[in-house]
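Next up is a structure, given as structure tokens.
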């Protein structure tokens, strides 16, 4: 059964990708991308990668199509028919890459084998000892936030960088002049959607926080929480307009929060330095090692969540401001 | 204030039901989360009778029960239409009056129409609903105003 | 160590002078005073070094390692001392001349001119005192670069083009041939130090040595062996003092000096004699000296004619070394000095003519002897020196070169030398002769009035170098002693 | 060699090739980014496939379960997903500005405009 | 036991409805009609399947979560349909209606 | 029976995909994506029971939320600038 | 604090960036960024000194031992790269204020500095880490910030350049990711040392081969090795001046470091050469890069673009050094890595000063600028001479080692080609020199540039002079780069022996 689901999902992924090549409309492409995201997330679920599925759902099917759409709204949605495009070279390049990839798979451990080297060396320790060492059931979170916490710090920094980069490129409302105020324009009021969303948004936000704090026990964690939280805010922004959402959470505050999230993470690590232990060693936080791990993980996950949410909101602000400016 | 408390309560309930971990730390974080969300929602100026329709709680189940039956019935109808050899549809677009005064009532009405397969609100004006129905009789059924009346009653 | 400091001081003079010149760039008198002072100082240092060498002392200095086994090292050996003496003495003379010339000619950017002039001489000192090939290469390259601004001094398109050819050929040869040759040498022998008797171990493959010799001789583009001689005429776009000092003394002599040093201290005469490619190079040098003479014959532009003459004379020197016999080396060493005095005088004269009459072509010079008797007299003396006729110093160097060819048994080359000298009589000596004798067509030029010599400073310089040519005929002994020590140096 | 045991990987490879093709063959800047997205997502699928263990459970420690899938690829891919969205966001911001500056997001037209001046 | 069979029945019915919806989705002629077809699956089929799952699970927590999913979908599904229809309408897509708003007065309100 | 359900869901997804590809206008595609989203929610819920790990339901919740947000987002954005229709007709 | 030295060169900018983002006033942000960069530099120097004395330093992040946690492993090679990168960053920040202020609008300045610090943190992270995946993460940090920095250029083409860089860079990074995935699947570990121990057993594995190829191709994309260099000229040309200085001096260097690290440390050399005819590939591509880059550089009407192509060529030299596959070859590559940073730093810095005055870097605008800005142009000249490889400059030292390395393998044709390559360099540098010193100045567009002698602002000028003098200094006192490089090269080879 697993295999069947597997094959079905993979085939659909291929079909989606092929359609993406054939389709010319950008909105159509974006819809297909979002479908691709959903499909791959489902695939991740069947592969037991729940945390990844969680993230891919939020990102691949949520945020990234949204960003794409906002861009397309700016730039027009028709992809032009290429006049004379040489496809021979790309085809060659792709073929070479493909052949190399296939060569690469030839000596790979067979799919699903339990005695693959990857499962023999480093991973077993995570599975067997993280329970004692870290004390939380979700091994992915243990690895993410403790064994390889430094990678995750890098990840937070990546997303922070993206935020800074987007602001640098597009500028935020409030940085370039004042917040665009489109109160004067009559926007079509969409009663049904607005009212329903108003009811749903608090639950989304709270659910995001739930995901934030239950990452140790089940799928989820700071990153997923941040994305969902930001999505809730973005929904509000989409429905009520940029000025309203900027009133709720002013752009400078989001920007500062993004930095503070990173700092929260990094300073949690620096605490260990002060005690002479290696960076990101949580054992300074409490006398009992397991409690210390728990505290440390909670703290850094919070940092991740804050940064991710703020950066995504920031990016939304930047795009939305650009969009409303372009419309004028 | 009333709405704020109501919202906080609902959110707390949501947290407690979802969480499954009831130690002090978790509950503390839950409390913080609820407060934070409530505060943000407050800033959104979204705390009103629309977002926390506590006043409907008593009358709602009855309406929902009725609605469920409607949904079931119209579902069967659609199923029949779909599986016919020639898809048996005869779409119409119609304007229905919108007697409800509050936004909430209108929304409930509109969404009830949407929930019921075969009918779909396309647009909502000040005093009318633009409805698309798969066939004239479905539209006529709506036009009998039973649903509208029930929603208005709910609203009262 | 005191000697070492002396060597360092010889390098330091130039930067100090440059700093002074640049600081005083808006005050011509002070600026030129600094130039002259610096050249006096440098001459003093050279003499001091020479005295030290005479006294049996060998001053040395070296830096830390730049590359494994490679340092910047300075030392003195007879040839270097000779070269340093000649160069620093002629610098002094040239600076004096330049003062007159540049003022007389109203040249622009004089401060820049003097600064780079000083820099070039600094580099020449570095070349002269280099104790290893690496140091030599360093200063050799710097010399190319620091003379470029002098060559393109005029800033015209023509000057730029000349500059490009100049630098293009010099850089190409040095990077493509000289540098790999150095690296190869270092790679095979493990050292680059100038060692009496050569550095190569006896078991080096002959092919490698052949290739190396080719690379070295062609790589030292400044020695102007054909086909890499084009830069020399191209560089004649420079102001005359530049041509005089650099293309009679500093640059070209740095080239042949390098060839001599490489022949004597890298290969060693014995090993050099055994290298297969030497024969080819000998004949190439022979060809160059003949061909350049013939080309010179056909040049109407005075400076171009002098330039080709230089090409020809440089080939003499290269040839002398390649003969790989002591007499040849002595001839080469002496010719470095003799040719320097002779050629610089010729250039001075050409410059003087330019300043005084704005004439640049040989065909215009008929009858000029009346107008500029002193200049043309000096011209005659100097051309005799180049040709190698008494009573000038050139006689001796040509004599030893002839001896060398005979010693090496290279009859055809001896013949070539003689033929070339005869040719040079035609293309050089005929100029003053024509200037003094009055032909029909030239009479008009003469009418215009009496003696109109170049500025005093120019004449002074011409007088000094012209006198030098003659003096070297009568007192060649110190020079000979110095040069004769070259093949034997270090074996004591 | 068991074909079926590699089927998964080969499909993933096809996906990667398709994504890669879109990136390099398409001239629309937005479409390129979409292709990039597909390409990256396919790599994620490769990693996750490699971490799967037959009959394994999701790596959340549970009583009575002993076989888990490999958690490490999951961790890595979580990070990689973040990197992907970050890149997409920056890329889209650039596209927006490019449109502002050039009035088009077609590579060929941009090239024309650049060459014109 | 009863619960089990009940849940199986729900699943069967739900699956059937899903198929129906998909078929309608494919066969119906225009966007509005297709939204109706989706509506089928959205509401009843989803509810049926989720209820079936709810019946299958023993623990309380999953049940709560299923309930929440159901609730969310009940809220969001119709709203999304509506929003879509409205967007299509505003975008100028007109249904292939045989009777065009004839029953009720006034012309179809555009914008 | 659960298996059957999963198969059906997959089939429906395939239908959605086909529609998304062959659609003649943007809204059809949005509809397809929406359909896809809700089906994914069901699929994950079903799978989590099929594979016996009901913990995954959180993911389904997220899907339900995200799907709604993105559909609304899509519509708002398409609305924001009633983008020209050429793509549909062409 | 001494025991934490390995982490500090990364941690400082990493912490500094978010703090800098909180500072709203550009001047405050600049002061802060300078402080951070200088501290980083100091830490890197201290670290280098420590590795010199103690050999390899290992630092277990989070307290988790190596294969399970992430490890920082600093040897001479890392130390050298860390010092170089942080040193250049300090120089750019300290001296570049005027240029940044001129070329960046007021409201973007502090963000620019944040992005700069992030880029620094990313590059330092790449250079310090001992974990393959961690390398990928920091690679992305540096790349993303670089895209943004490039996009801040004033010209609209900067946007396109940044976009192209983004696409190519991401493809490269994704390739690296694929490669890391393959080798992870084979070995089960991500730690470089651990990988190095496990990979020799897998020489036969086609998966390891594919992983290796993917990593190398990905890194070469980042490295802009011909023919994967297409992003580089645009990015360097249109980015704002200080970004160009920093990128040219550091980014490709770090990529080269990664190349060396992977092909010598992670995959041992035997593996690398067995898997691919690396020697042939690198030598061929390197020499082609040298010629293609130089030839194109000669014909550029814009100096900045010309120098960008020159970077492509110089990367070719470094890759040749790597491709020779001997200790001395590697040493040559590393020495050139260090020296090239100095040369290009000096050249681009001086160019930035000129651009500050005349508005752009076109040759037509540079005519005769040597008289107006003698010091700046002298710096440019020194940098150029060093680039040519004139003796007495740092460039000569690297050329020397390179030729010796190639001569050691008795590949004489290659020797000739390498030297001919420097001639091409001489051509475009001399074009610059002629333009600057002999050209007749045309009318200037920049309104506030005073006529006559007008040197660049003191900061820019000072840094240019320092960098130019460094070119001369390291042409004579070669101990630092040469000894560090030889130590690093030897240890890389020693590690390669079974």
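Which chain is which? They are A, B, C, D, E, F and G, in the order written, and residues in each are numbered from 1.
As a working rule, a contact is a pair of C-beta atoms (placed from the backbone, for glycine too) under 8 Å apart; a residue touches a chain by one contact, two chains touch by 3 or more.
Please read these numbers as outputs of a predicted model, since none were measured by experiment.
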Distance in touch steps, counted as few as possible, from chain A out to chain E: 1
Partner chains that chain D and chain G have in common: A
Top chain pair, ranked by how many C-beta pairs fall in contact: A-D
Distance-maximising chain from chain E - centres being C-alpha averages: C
Between chain F and chain B, distance of the C-alpha-averaged centres to the nearest whole Å: 21
Distance between chain centroids, defined by C-alpha means - chain E, chain G (Å): 58
Centre distance in Å when chain C and chain G are each reduced to the mean of their C-alpha atoms: 44
Cα-centroid distance, chain B relative to chain D, in whole angstrom: 38
Sequence positions of chain A contacting 2 or more other chains: 26, 50, 70, 72, 76, 101, 105-106, 108-109, 116, 118-119, 122-123, 126, 148, 151, 154-155, 158, 161-162, 165-166, 169, 188, 192-193, 196-197, 199-200, 203, 207, 214, 217-219
Residues of chain G touching at least two other chains: 133, 137, 140, 144, 147-148, 151, 159, 178, 184-185, 190
Multi-partner residues of chain F (each touching 2 or more other chains): 16, 26, 30, 55-56, 58, 61, 65, 67-68, 72, 78-79
Which chain pairs touch, all of them: A-B, A-D, A-E, A-F, A-G, B-E, C-G, D-F, D-G, E-F
Parts of chain F lying in touch with chain D, wherever the complex brings them together: 53, 55-56
Parts of chain G lying in touch with chain D, wherever the complex brings them together: 133, 136-137, 140, 144, 147-148, 151, 156-157, 159-160, 162-163, 166-167, 170-171, 173-174, 177-178, 181, 184-185, 190
Complex contacts: residues of chain F adjacent to chain A: 3, 6-7, 10, 13-14, 16-17, 20-21, 23, 26, 29-30, 32-33, 36-37, 40, 43-44, 47-48, 50-51, 55-56, 58-59, 61-63, 65-70, 72-74, 76-81, 83-84, 86-88, 90
Complex contact set, residues of chain A against chain D: 6-7, 10-11, 13-14, 17-18, 20-21, 26, 29-30, 33, 36-37, 40, 43-44, 47-52, 55-56, 59-60, 63-64, 67-68, 70-72, 74-76, 79-80, 82-83, 85, 87, 90-91, 93-95, 97-98, 101-102, 105-106, 108-114, 116, 118-119, 122-123, 126-127, 130-131, 137-140, 142-144, 148, 151-152, 154-155, 158-159, 161-162, 165-166, 169-170, 217-219, 223, 308, 315, 318-319, 322, 326
Residue numbers on chain A that touch chain E, as the complex places them: 188, 190, 192-193, 196-197, 199-200, 203
